[in-house]
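Note that chain A is present in both complexes that follow, paired respectively with chain B and with chain C.
For the complex of A and B:
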């Protein structure tokens, strides 16, 4: 047998010694002579018309070099997935005419020190006409709800429909045939990534017109592409220096710190640092929005699930960001790794005047897994069946058809459960140990 | 506020800085003395990533006014071990994969050092208790506890 050099070996982290000696360099450790500090002025209300932004007092404050407003943004749209067709443009980099969530960035004060920037930021005067906000999915979808998005409703439109649909077979037929109808509603509340390192960016304007951008983004190419689109700068003019991210988990994939920092650097001609406070990280960074999933299953006495209907609502907050993509992924996984001939899924990506949500570990899929598996246990309890056995029975096999109309390949649920059962010493009947993902003969 | 001169010992050597009296120790160390092993995580004393030792006791430097450091002995990670002279705690963190993103590591190791100086054979509960002020979002804490236990076992 060939000798394997690294496979099977436990390899110590390349950056391990640097981590334990505090030598790993993070963006906050980057400093340039003459560097200025940026502080953002944010919307104090959930929804409104932004009538006036008076920065004159802030601009005049000693130690302030510039205040960056919407007028300074060459292309004032942040639509991270525009390059793969997610649209239309809905989120301004800096608020221009309307406020869509409390904490929305309005203007940035750039000054000699963090303290001066903070003091000057207090002097910005905002004239906002408040509007009644839509704060929950239920409010957003209610009859007569104010349409907070400019296309006239409060959901993302998937090919002309207000939800992503996945279906196969006929669930009503399935429900009619079933011995039991078992329902459940499962909700995941909003939560945050809370990386120990907050989002930080340093931009140095180079004498030749290029920019050197230090960012703790998880996604260098998202940042590079979107910076180019927002700044209207060609790719070769932006040098992006990434590096160790002090915790990401999906919370550092939105391009929400680099554009304004870059504009501030160009406007002042000086290096600029923007380090988010812990408060900003909690209240202004992308969160995970609420998911609420309603399951209705048609189940036979022997435990087979023959029909599954799911209606899912996701609160994306004020803007798209990654949510339309996340809800799509979510929809594709809502039926679970189980062989169910009749499936009907409708997954809604709903907008509210809340903090925009985005990716977090297993984006869109972990909420589905949570609901699916709790529902499986509920089915098992209702039928008086063992929770292991009900999963072995329903697990999809290679060659079967998924609700997304693709044939199952490389299924491994059965083998994974067998390994888990062995580990915990679960008692399973012989047929569970004998089951294989490729034991379906068609 | 008027600027003052604050003198203290940093990892055994005398230093002096000119600062505003209420400027926090974390920012003075990072910005004025280039001690970058002290991390900025929250500025609210909640995450522990700015932990340093003052006369051997762990403090959150982000909430310590620089005046409090006058005449004191401040120890940062550099004073505990360096890459060509690792402290056993640093070796144990490295061996046990107790650092992933690394941002909490400086604070964790500093607090662990203080614990072992006070109590060379802590129980697991005592270790967990000592780490209560330090947040880690990557490791789930178990490798960190294992690393510290490894050092206490081998003592």
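For the complex of A and C:
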């Protein structure tokens, strides 16, 4: 590669010293005169009918300026990917008639201080008729399962099908030809982003009628667009200010803190701050939901994988958020960086009454890579083959065809294996050292 | 009852860019009267270091000192559209956008310089803040002087616009055929673990990793991603659980004392190497790396556990309880 001057140099981080000396300004450092504080009242049960929300005692509490409920939200739908065709609307910004997960936001108390807001929040009375919740993918897909989604089933529909399918060749033919059939089931359970900085937002209503929104979102324009849709305001009246985020990992892409804060600011005419506690960040922000992947591979005696069938289930929790997109990305990566002529993948995005899942570092690819690489070792061990050699044999090369019917380019898997093998002193046969990502002649 | 050692490997790919594309990034750049450059972006720095590598790419493109390039980011009132920071997309897309903007600005700067130096713009080279006539190093002018001339003598702007978009061409509803990414980065990780067959405890002793990233704009920062990602990956593989008794809902951790994570004392020895083999359309050949680094430890550790004690822990996180149950089952079935 061409040697460059500044590119390629390990120059010191611009913001490093500021970070480690506590001088970096984060959203929580933003403060305005007359600023009010917001605390959210959340659903205490997994599923139910929300019959009544009585905020009268909270509204009357000294120091409380407003309580924001569903009827204060101009367009009470949070469908973050509506602009790329994900629908239909399923998640209200504030719960209106039903509860779909424990922790779902119901109403927000806006007060002179966080303490007052918290105290007043205890006085909100909720009348909820509990319903039996659907808590796992298996329950959601079972015969006779309650349809928790208004379109009648519990999966996202990809062009009329309850799964995203990716296939090439014919796996049944491949299985018939194969010397071995090797199966495996792999499950990645829910975990969290755990950023050092919790979600925080300050909204200031400006004298000229615009809104200034300070947020630690990972996507300023994305947030601005969605806010405009929820507030029924042209989004040129909204200014997003941010850019310094204390860790995101995908947990600050959802627009779940700005809308209610903005409505609170508009309703009270005052700047409003909402900062999530660590408990809220753990229990109420999105997790990455469970993935369970079933692999069935047809393998030849020499170790070549000639057929791969994968059925995958993802627990998206109560609402879409980014899951239909994530499951699709997951589906496109389930075959792995290997040359397999017959592939059939079905990836399901399933809804349950759980904390909604959303983007988390590695979105959809983390579980796929986990399953693929353990399955690879399983195949190696079953055949009595060396785990390195089976990977060199099957690794994809430039010019070959992927399951998504895109020609492989920029392949470098083999070269990383060689570098790692050298680092640990692995003994490999000559053909592994001679292999190149460019060595397939067609 | 014993401590058994094992080694496992994992070889991975990771796509660069929002799935299927359709995620543009724009940049604006302008020169100030004494030759400093300001880049306007609506990006966010999550710790991945965009505020450091963008000036590097711009300074390289323009031929000016690194400190003379500043970036202003994080305000939608003062910068054009950017899709957001996720999907390992930014160094690639924002990089391409700032290079495009820097090239336009450079062209305008060279036109003014050509006028000032009575040379042809094609014959001029900018290096370290000086503009030379190629092959005649004595015939030069500083960017400082040319900037002043552009602003106050010629009345010329020196600025640029950039955008990068990989168009979204959709998915075939029957076959799933599509073009999901701009490029793929790859890595191989080797993990050494120790399994205590009496307690079920798994200790990660060392990780070795080779990462191919197209081009490392800032190698130390790439290494930072590898180290940080590895720590996160080990945590996901061996500790982290939003619902420790999944699928049971409770207990539901709500604090750092209930949600198990890696601490500084848990971090094992790590060695890594970076390979640079370019890419089809990455800026300077860049591929994204931010997410892949947290993925490779998961299967490498599970494979190392099998190597050590002959059981597959295929339901993460790996816990001592799962290891002990698997060992018990193995003992029974071996009989």
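We adopt the following convention: the second predicted complex is superposed on the first by the 438 of 442 C-alpha atoms of A that agree within 3 Å, B and C clash if a C-alpha of one lies under 4 Å from a C-alpha of the other, contacts with A are read in each partner's own complex, and residues count from 1 in each chain.
We adopt the following convention: a residue touches a chain if its C-beta (ideal position, glycine included) is under 8 Å from a C-beta of that chain, and two chains touch if they have at least 3 such contacts.
Quick caveat: nothing in here was measured; it's all calculated off a predicted structure.
With both structures placed on the common chain, the touch criterion links A:102 to chain C but leaves chain B unconnected.
Of the two partner chains placed by the overlay, only chain C lies in contact with A:11; chain B stays clear of it. Touched residues of chain A were counted for both chain B and chain C, and C has more of them. Contacts of A:250 after superposition on the shared chain: chain C is touched, whereas chain B is not. After overlaying the two complexes on the shared chain, residue contacts for A:194 are found with chain B and with chain C alike. When the two complexes are overlaid on their common chain A, residue A:278 makes contact with chain B and with chain C alike. In the superposition on chain A, contact of A:206 is made with neither chain B nor chain C.
Once the two complexes are overlaid on the shared chain, A:20 sits against chain B while remaining clear of chain C.
Overlap of the chain B and chain C interfaces on chain A comprises residues 12-13, 15, 194, 244-249, 278. By the touch rule above, chain A contacts chain C in their complex via residues 1, 4-15, 46, 84, 102, 135-136, 158-161, 164-168, 184-192, 194, 216-222, 224, 238-250, 252-253, 278-279, 282-283, 287, 290, 325, 328-329, 331-333, 336-337, 345, 354-355, 359, 361-366, 369-374, 376-378, 381, 387-388, 391, 395, 403-406, 409-413, 415-421, 423-424, 426.
On chain B, the positions that touch chain A within their shared complex are 36-44, 46-47, 49, 76-78, 81-83, 86, 90-91, 93-95, 97-99, 101-106, 109, 135-138. By the touch criterion stated above, chain C contacts chain A in their complex at residues 7-15, 19-20, 22, 42-47, 49, 51-52, 55-57, 59-60, 66, 73-77, 81-87, 168, 171-180, 183-190, 208-212, 214-221, 229, 232, 236, 240-243, 246-247, 249, 252-256, 259, 261, 271, 273, 275-280, 284-285, 287, 290-292, 294-296, 298-300, 302-303, 306, 312, 314-317. Chain contact summary for the complex, chain A toward chain B: residues 12-13, 15-26, 28-29, 193-198, 244-249, 275, 277-278.
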